[in-house]
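Consider the two complexes below, in which chain A is the common component and chain B and chain C are the respective partners.
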Partner chain A sequence: MVKDNSVSSVVLDIVIYVFLILLMIVILYPIIYILSVSLSSSDAFNAGKVVLWPVTGSGSFGLDFEAYKEIITGRTVPMSFLQSVINTLLYTAISLAFTTTLAYPLSRSKDRVPFHGFITKIIVFTMFFTAGMIPVYLIVQKLGLLNTRWSMILPAAISTYNLVVMRSFFESVPVELEEAAFIDGANELTIFAKIILPLSKAALATVGLFYGVYMWNQWFSAMLYLSDRAKDLYPLQYIIRQIVMENQLAAEAAAAGELNTVQVSTASLKYATLFISILPMLCVYPFIQKYFVKGVMVGSVKG
Partner chain B sequence: MKFGVKKIVALAAASVLTVSCLTSCGEANRQSFEEDGQTYYSYWLNMYTQDSRGYAEGEDANFAKVIKNKFNVVLNYDRIPRGDWETKTNLSYAVGNEADITTGGKEPQYKKWATEGYLDPIPEEAYTGDDCILKDWKALWSEEDFQKVLSLAKSSDGQLYYLPTLRQEKAQMCWVYRKDVFDKLGIKEFPKTIDELYDVCVKIKAAYPDKVIISCNGMGTTSPGSAITGFCQAYWIPELIMQQHSFVDPVTGEYEPYALTSDRAREMYKTIKKFNDAGLIDKQLFSIDKDGFSSRLANDNCFIAYDYVYNIEDFTKKTKGTNADKDCEWAWSANMVTAYPEKGTIYKRDPLYSNWGPAFSDGIDEDMDRYNAILTMFNWFATEEGQLYNTYGVKADDPEEIKDGVAEDNYSYYMDEDGNPHFNPGWYDESNPKTDKKEDKLLTLEYGSMGSQFKKQQYMFDSIRGKKVEALFDAFSAQPNYYYFDQIPMRYDEDEEQEFTDLEVALNAKRDEYIQRFFSGDVDANNDANWNQYISDMNKVGLQDFINIQTTVYERTKAAVEQEEAALKAAEAAE
Partner chain C sequence: MAKADTTLKAAAPSGTKESKGIIGYFKKECGKFSKGKFLLLLMIPGVVYFAIFHYWPFYGLLAAFKDYKPKMGILGSPWADQYGFAEFIRFFTIPDVWNYIWNTIALSILHIIWLFPFAIILALFINELRSQKFKKVVQTISYLPHFVSVAAICGMLTLFLQSQETVGSDLANEGIINQILIKLGAGHGIDFLSHANWFRTIYIASDVWASIGWSAIIYIAALSAVDQELYEAATIDGASRIQKMWHISVQLIRPTIVILLIMQIGKIMSLGADKALLLQRPETYTKSQILSTYIYNQGLTQGELSFSTAVGLFNSIINVILVIGANFISRKLTDTGLF
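Let's turn to the complex of A and B:
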């Protein structure tokens, strides 16, 4: 590659660098701010002294781990964190299993799969039309899944979008590989497990990440399907939602004339909980990035 | 072999689904049961929670023991986080999975569920006559006020579908201000007219040019209009206008079906713009939350607000921050501000009742013994004994049971020499929160109690805010030409209810959009074209239809209430 040292090229490089640095600041600053507030005293936050780094009550730089201590010694956040981890791992595994086993036959020739077109149309139909909240709730209820972990996992086990991504990737695997395996005596399951899946790590990582992030951020299904009797199953995002809503709820309660009913957490506690919630995804992304770039390009270029 | 595996997998999947279905059908819904020769009644109760901690439940909890022994009642709770209560309760009614008793609703919701057939009415005989089941609940109000409560809370079919709770505060909202700053600038009293308020704000601004003068304690985050209710009242528009829309003028008796498109509303928007243009109002009035407002206080960035009278100590504390020696003092004012001094001044008189009492789901009246048992329990909550229990828990009979400052056997309170209750050490005292709520015992957590129902025990209420709100009410009452807007009964039938809801959503969205645009200066209420555009946009989303419904319902309800009152008087005369 020849380096272009012309003035216009250098200027362009500078513009690009400045733009990227600004973009990096825009992305990083909220995270740094959340971390700083979580490590600052509440008085410093209320006084508007926290801008970039953690500040103590006196206004000087300093770390206050009180919020993290409160979280760790409490029961709610650690328990919900654990539930989120379990849900995310289980959901990702189950969803990947269901998605790949459905995507694989749909990626093969119509001659090998009966009702191929019909099944494909039915699946794509669900991308545009859903049953709605109440019918889904009734199904979950009738299946006895209310107040269980499975109510959050099973109804969303297959995402049609992810299924299409996965099918597109499987289609790019040469059919000759399967034919060779057939000749060597392998059956469909063996081919799928020993040839197709090992060749699909990029797609698996990408779709797995989509599924993982979805479940990690999930609170709505917990709100719908879990009651107080299953509060130990509340995921972290649901707890965070409650904490974040405290201010608004306190204002509403006050407006309704209620007596000190809503307890509002300190800002540092709120931000510490938020930081804990984003930490796992921050840690996971770098390790999956190499697959991710390749995986999201699936189906974008043909030939 | 290949097909064998497929068959096995299919069979296994089908079996799992079948077993799941069958097991889910086995949940018994026990409504009454016999134990030791007595009949006990069991109910599911839906209520909201404020946190996700564990609550004492089951037959061993003190609260459960008391109501089981006293009323043969056993409650099973469905505690829902407050923010999700509306969604989950609506869903439970829609799927037929509702609790027997719902608490915590708002009146429009209760009335909507009633018209949709989800609720059973409170039997009229339960609250009529001197010896009715709900006699203590009824006695929370004077007879005259109780009739007003009934006329307001009843649905369009003339039935009552929930038990309102007593609103103990008569007045609580007022203008609060930095008294130390007023004193320093020689401002002798809080302004009484909107022009005086402007002049005072300008004076403060001159002394503190970089500061915000009027801000808001996070109310605008619920609805933009909630941040300007102090100004609303200055222009004779009710404080609760964002929810109620219509009102009757207390002086002229005229009915106004939609206030925020009136000429007075226009004058109000002009004034708010004038204050904003002069830099006297917080630019973030509608978006600032409680944290943001705390930050304003800590930075001396607010000198006047329209807020709750009992918040001034907290404001002073937050303004001082870590500097206890800082010279600052928040005070409340008995002066409300008016734009029409010749006509009089408006203050907010709190409603006679709140609406988070219990409602009873459809079907509960199939077993009247069961229904009466739960009504009897709720009636007890309104008695002195019930209020004391719900607010303070269980008293130790013998002072010896308090050893080393710790109450034995979970006794939560004691009576002092004057006969006033006080929490024992180790219990969270709402009236004196020196201790940490998270570490102290809470009645709700230890006893599984439902918290205050209908009324907070008077001594506790007085200790928390009762004396402050009473002082404010007395101060308003002593002012000449001070008026308040009375509540007006509105009973919608099912079609009107639906149309009202649809129109209200659209109108509120347009109204809130324009409140913000008037404030920001994007549209100017001084400009006729802008104002006409606002009216035109409101008409496009159904303002005239809304006015028609409100007027029809108002006239019809007024006639119905007058009829009911006449019938009541006739019955009394006959007795």
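Let's turn to the complex of A and C:
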């Protein structure tokens, strides 16, 4: 590219860099601030001294892990963290199994698969017309899934968008491979398990991560389907709502006489819980984002 | 193969009219069993899932036309008055309903108005960067909020924006935004989330924060596929960088913009309940109550199952019309549609 040193080009560069740097600050600041408050002493926070970095009681930089100690030795957050992990793993496994087994036949020629056209039509129809929140709730109730883990997992087992992404991936596997296996006497199931799946590792990773991140960040299904009776099943994202917005943790700790108000303020507990809930994603997303970008591209082309 | 395809398509619609067609269709499909029985077997779990969680609920829609009592079941409950449409009629006679519909549309439109230009500008700017390293850093950071849950985002908003709204209140009870306001000399903070007039601003600003980077992906990809010779030719013709951005970059992503825009307009009434539920307070219902939160609040908090099923059905019907309309327009304008 020809280098352009005109005034307008330099001005444009300045505008671009200022915009992008401001954007990065705006995106990162809330996350950094949460971390800093959670690591600050309550005195410093109460005095309004925490702005960017963690501050100790003396007003200088320093780390205070009291809030995290309080949370880890407590019951609510570790329990819900565990529930979120279990939900995410189970959901990813189940959804991936359901999605691949449905997407693969649909990616093959219509002439080979019975009712291919009909099944495609009934699936596409659900993208446009849904019965809505209440009828699905009634079904979950009827199946006896209310207040169980399955109420969060099964109703969302297949996302049509992910199904489409998966199908597009499978479509790119050349048919010749299967034909060769056919001639060698393999049946469709063997071909799927031994040839197609091993060739689709990238696709499985992409769609699996879509599902995993979705479930980790999900809170609404817990609110819909779980009542107080199933408290132990609450996932972490639902606990945030209770702790941050309804002061649950502080009330609980106060009731148990656990909360040492001198050392741990309710504010740092809230900020620490919030940070714990986003920490796993912060750690993994730089490594998984490329799969996501790929999935977005496939989905948008084939939509 | 093409011939088999056309006969299959011809058989399907006529099948609904004459039984011979249906039988013919079934025979045709069953004829594939020898080749595809294992593939059909593979599809069973997925098809059962769709049957249970997408098609069985359609039966539950009957509750909208009934005076549904959980104990009597859907079929056992008596039909609602006014030929079954009592709940629909009641819905439209509630004065606040038009307000809730408008709130839904307003949030969707504001989302489009703010997010589209920001995402496009971000993509254009990233495309102008020469340093690959900086490009990578900007992209990675801008994707971050996509991985932060709605619950966490709303938790942050709640904490950052809270205030006691009293002069000289303890800074511990003020969110960071209000701490700054007070330090800048404001007498007392503002509890933003309990003021209806702030609701849309907060909702949309956090939407932009959460989605700007992710929404830009598709434009960045489209821009990276542009032939560099176009830019070089324009440079030789004496075009400035801004001219090149406008006449080459923007023009090349225009079809993408148009399609995404139309698709977004098709979703204007299907705004989900989760974020609004987390941010709303009874004080802000005049702005924060949207159709989906209304359905949730009426159906599951108040227990008005028939009524909220009816509202949901109304909403679904509007959504279908909007999506099909959007697709029709997209096909007319750009020859590409979602389906």
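Please note the rule applied: the second predicted complex is superposed on the first by the 237 of 303 C-alpha atoms of A that agree within 3 Å, B and C clash if a C-alpha of one lies under 4 Å from a C-alpha of the other, contacts with A are read in each partner's own complex, and residues count from 1 in each chain.
By definition in this document, contacts are C-beta pairs under 8 Å (C-beta built on N, C-alpha and C of every residue); 3 or more make two chains touch, one makes a residue touch a chain.
Quick caveat, the model's predicted, so the values are computed rather than measured.
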- Check the residue A:217 against both partner chains and state whether it touches chain B (first), chain C (second), both, or neither. second
- Touching partner for A:145 - first (chain B), second (chain C), both, neither: first
- Message: If we overlay the two complexes on their shared chain A, which of chain B and chain C does A:89 touch? Say first, second, both or neither.
- Response: neither
- Message: Applying the document's definition of touch, where does A:137 land relative to chain B and chain C: first, second, both, or neither?
- Response: both
- Message: Going by the contact rule set out at the top, does A:193 touch chain B (first), chain C (second), both, or neither?
- Response: neither
- Message: Taking the superposition on A as described, I'd like to know which of chain B and chain C A:122 touches: first, second, both or neither.
- Response: second
- Looking at the overlay, what does A:48 touch: chain B (first), chain C (second), both, or neither? both
- Check the residue A:24 against both partner chains and state whether it touches chain B (first), chain C (second), both, or neither. second
- Query: Is it chain B or chain C that touches the larger share of residues in chain A?
  - Reply: C
- Just chain B (first), just chain C (second), both, or neither: which does A:155 touch? second
- Going through chain A, the residues touched by chain B and also by chain C turn out to be 45-48, 133-134, 137-138, 143, 187-189, 223-224, 241, 245, 267
- Message: Quick check on the complex: what are the chain A residues that touch chain B?
- Response: 43, 45-48, 57-58, 76, 133-134, 137-138, 141-145, 187-189, 223-224, 227-229, 231, 234, 239, 241-242, 245, 247-264, 267
- Complex contact set, residues of chain A against chain C: 1-2, 4, 6, 8-9, 12-13, 16, 19-20, 23-24, 26-28, 30-31, 33-34, 42, 45-48, 51, 97-99, 101-102, 104-106, 108-115, 117-119, 122-124, 126, 128-139, 143, 154-155, 157-158, 163, 187-189, 192, 213, 216-220, 223-224, 237-238, 240-241, 244-245, 265, 267, 270-271, 274, 277-278, 281-282, 285-286, 289, 292-293, 296-297, 300, 303
- Residues of chain C that touch chain A when the two form their complex: 1, 4-5, 8-9, 12, 29-30, 32-33, 35-43, 45-47, 49-50, 52-61, 63, 74, 121-122, 125-126, 128-129, 137-138, 140-152, 154-156, 158-160, 170-172, 174, 176, 179, 182-183, 209, 212-214, 217-218, 221, 228, 231-232, 235-236, 240-242, 273-274, 277-278, 292, 295-296, 299-300, 305, 308-309, 312-313, 315-316, 319-320, 323-324, 338-339
- Which residues of chain B touch chain A in their complex? 2, 5, 17, 20-21, 23-24, 49-55, 77-84, 87-88, 91, 94-95, 97, 106, 167, 169, 172, 217-219, 221-222, 226, 289-291, 294-295, 297-299, 308, 318, 321-322, 350, 354, 356, 430, 437, 451-452, 456, 461, 464-465
